[in-house]
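Two complexes are shown next, each including chain A; its partner changes from chain B in the first to chain C in the second.
Then we have the complex of A and B:
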């Protein structure tokens, strides 16, 4: 039955269904079917989609892989981008510096994971802590202004749709194609499904895993630069992205155990979260109620969809009875 | 239930050889060295910290983190991980600063309900076969929301008995040592000496054997989550006594720092490992960082980087020691 359900409904459909339900709720409350709500959601979603896509790639690399340095990378690269752009007058240099910041933090994570064999959640925690020291130092008396040209670009709309959303959507399409049609994408999914088998088949799993962390650092860095320009560079710019980036990936149908990446689902999850926030604000719920409902919805999605993952998990359990409990584990090589 | 002979046979079957047992303690030993090194550096700069009052000052702020790390250790001993513990501890401080000091009976009932909530979460994780990582992450939104509901802005007052406990300074020994050692020893005893502890460890190291020996994995997971909930409540009460009130976000750092403490103390993501004293030393070491930095007159901005550096360095040291032993 589970198998049949998986065949009929694509994994990303649920997140869009939830987002659509919330949108209907907004329309019902305001008694108008406006494009304003959608436009606003689309101008906020790209940043969460960028960060979520990076997180999705990391999670897809297999059990135990997760990037918890995301919020610190966002905050730090926001400061770096704004100060480089205001110092040199070049937006390109600012974005490059932000990307470099993300890659540098990712490099610390990768070294810790690959060479010191530190479990990813602890390795990325450590690199994130190191990044946050730089952020705190930056934040003291920071007075550079974000580039107004870039800020205007981020607010630019084509036929009511933010250009940045169109660009991010194009990126998501490219990412989906790359995951399913290129060798590198196939490698990633193979490594995520069964690291040992992939390695025996000649997949350079260590390289594949490392590159997902670099991709996550790069995307978080760029998102941080844009976010700092769109809002303002602050030390806690990325804080909410810690939980949100993981939650939207899971709601979007990406398997937490790795091996199945769903770029479209990240959009569904991000739109769901952002629309939910504006809906709850609209009907006057305070932050407390918003968080409680958000958490219960994540749990509901998770526990209801539990059966979907059951197909794979069940198969895994039959092969090796003990692995079922190990939802998080360092790279598969430690089990040999 | 099950026959007493089986109950007794189980820990024996799981007992590792002496060599394995030694190896299990090695990682915590490396962390202990790091801890001693930090203590020596602190003492060299400021000898006063080796007095009872000095240690009292240094250690008092670390107590809640130690208890939270022990909770995380219990969770990780079954191969699960709790990404909601920071928010949960924050929620407990909020309850402590409002209901518990206003209407103690209702406060206690709320705390018991929260512990039961942990048990339900464990049951759902088990029955729906979902990763604990994501379930506890989702729960963290709920804990944070509930905390904001109880206490929208930081404040309130902790109950008198908690404040009295925080103010207690015996001259014979530093007061924070007592809760740290008592709770660590209690968790060690529960996990290593009782049948329940044997089942918890069995769930982490070999769930199939646990089930085949007639024990319910579901019940064991629920018991484990309840133990985690109880410890997290104790951590929250301890934190509330430190800050004198409640703050929903006061313990956000605990989530990941407690994971690091457990790993530093010799725990693993595989489950089946529970080194209570190691997790305690790991937590105290990470907690000492801020003390060391203020003694060295370094900006508190550097604190996160030093914490991160210590985690990486201690684990690199463990890798080296492990290679030498092999």
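Then we have the complex of A and C:
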């Protein structure tokens, strides 16, 4: 107990440590120390970081909050962006359309959560389903080509580092600053820790929660547009982002029960997952095995995070762990 | 599992027990003996070490040095000392489970098969019936849906369900109970004592302790300051032993806010006798009390004030101080500073950006003013209840709210802290703030300019200045059958 309390490690450090370990594994397996692996990871990470950052905001809004419409938003906005851009010739319009798509799907989720009081996991599942119906309509006989200018930009590198990664990193820094230095950021974290207390302290918790879903929709929409340009618009473009977006958030040190958001950790988590994919491919694991390992990793992190947080926060008040004080709260709380 | 040599009826034996948390020395070299059938009152200011001592006795935490033995055992099992049970002030129930399920969770040796649920429900209900007749609790109800008082009853009743109960610790058991339930509880405590159970009663309500306990142990700064036989002991004796300026202050209250002063808050209400409309109003700079028996609608009035959208004109800035601090007050991940400035930061900053320098100043001032133990950087979840309450009160008053609503916030707070907070309320009112204050303790209402006595959601009486006293409030709180019109 004392050990855990004295040991002050920033919550994002673990994810970077894991990523470094996997990188070492790759180096050991290939017997080469190359920057190529890192460069590849850095060109794939920005999309996952964008989506993960949105997910982080949602999760930080408190127990039960989660956005599982992310993969469908990515796929749909990918199609929307590519078709708008190829139709109008404007990259900006394409990106705006993708952002609008994300916001529209988020609006359905928010209405369901705020007004019909549907638990977020079900509400976002439903709005994702609606989005995927549109995706299927689009995908049928889709022949528009992604903008080559945008595609070139996404491959642009500065001193070996993808420019998009630098931009996303700058966004993460801004997000971290905003969470600590803006009133809205503090409101979000207060609402995530104890919604009732935040409400009585004057925090407009309903607005705060709703804006996280809009932020998640917006970021997933943008990520979808870029990803469709970088790879290709397909109906299952976003599929892997379902688990990954949640996993990188919790591995990065954000509390699944809300109230603590760690933007830097999303980067650590994203790099870890992307490097892990390369490593497992390298040593010949099949997709099923990779998915089982990832799933177990998330469970392990949640288990460990719950354990240590319980020790830390329960240190003096161990006597009375009411459910409010526990870090991991059952999602069932959402029915309130 | 080691045993120590103890006298046969010695239930608790503490020798030189010490405990430190980080830099805080919570207990230093405590000695304590409690025999079977003893009722021992443990009193002391917030942070005197009461809760820490109880955690050691319940076997939830080990001592750093010295020994603690309970019922002949000096090492606790995983779930604490067998035969020692504690009912927590801030109840230790799972809100997402039913009353019966909660009873089962903490039961030792209940049947495991299909019958466990029925068995647990029967046991907790029959114990509740026995201890708190007329409790109105059903075994299938979710704990989260119970009132604070009912949760407290379940917590206490559950703690007594141990078949081999040797030591029962009650931590501020009556803070949220009504008068009748309090009497019923103490009758039950006396019966248990007669049956040989040792009972420890922790309470800020010294009068209750003196009525029930055989012996009073006074803790001060983590040590036993003195021990007294309860017979012949007065409240003043105990307060003096606790140290500090201890008698509740009475501040001069004029009760005379001119009717020219604008009304800041208003909710529609009805007169209890005539049934005619009689709004509850609070003027600028006024401290308005809502008194009466707990649960007569005072919380509803506060909620109406909090949710009210002012007709036209400008919006009145409001702040709310909840009484149920664990559920509705603390932000557990943050420290004192973050907890304190969450309401004020909006008006201190500009364009949604925080002004951290101004915030720091505000926090320093309030932490100093209310003397929050542990200071600005202390973790909120680690503070004692009284100190948490100070921070939550400061949160409201540090903001620029014109109207501050107090929802019985001083439960489980010691006299020392209360005096600071009473003075604060008067000072803030003098600066033009309006305070609407619900309290279940009638004595607190002396600090109001005006008091509405609430009965069944209606106004039974309105007292001003010198008219405000406990006798009047109590008299008005109860129905006088003759002049009461038939309830709807």
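We take it that the second predicted complex is superposed on the first by the 304 of 336 C-alpha atoms of A that agree within 3 Å, B and C clash if a C-alpha of one lies under 4 Å from a C-alpha of the other, contacts with A are read in each partner's own complex, and residues count from 1 in each chain.
In this text, a residue touches a chain if its C-beta (ideal position, glycine included) is under 8 Å from a C-beta of that chain, and two chains touch if they have at least 3 such contacts.
Just so you know, these numbers come straight off a predicted model, no measurement behind them.
Judged by the touch definition given at the top, the superposed model places A:141 against neither chain B nor chain C. Comparing chain C and chain B on the residues of chain A they touch gives the larger count to B. Contact with chain B, but none with chain C, is seen for A:303 once the two complexes are overlaid on the shared chain. In the superposition on chain A, contact of A:256 is made with chain B only, not with chain C.
Touch criterion met: A:294 reaches chain B, while chain C stays clear of it. In the superposed pair of complexes, A:116 makes contact with chain B only, with no contact to chain C.
When the two structures are aligned on the shared chain, A:284 is found in touch with neither chain B nor chain C.
Contacts of A:133 after superposition on the shared chain: chain B is touched, whereas chain C is not. In the superposed model, A:190 lies in contact with chain C only, and not with chain B.
Applying the stated touch rule to the two superposed structures, the overlap between the chain B and chain C interfaces on chain A comprises residues 313, 321-322, 324-325, 330.
Listed in rising order, the residues of chain A touching chain B in the complex are 64, 66, 68, 112, 116-119, 121-123, 125-130, 132-134, 136-137, 140, 243, 246-247, 250, 256-257, 286-296, 298-299, 302-303, 306-307, 309-310, 313, 321-322, 324-330, 334-335. Residues of chain B touching chain A in their complex: 78-81, 124, 128-135, 137-149, 152, 203-208, 256, 259-260, 263, 268-271, 299-309, 311-312, 315-316, 319. By the touch criterion stated above, chain A contacts chain C in their complex at residues 5, 181-184, 186-187, 189-190, 193-194, 196-198, 200-203, 255, 259-260, 313, 315-325, 330, 332-333. By the touch criterion stated above, chain C contacts chain A in their complex at residues 21-22, 51, 54-55, 58, 60-61, 86, 88, 90-96, 306, 318-320, 322, 326-334, 338, 342-343, 345-346, 349, 352-354, 356, 379, 381-382, 395, 399, 401.
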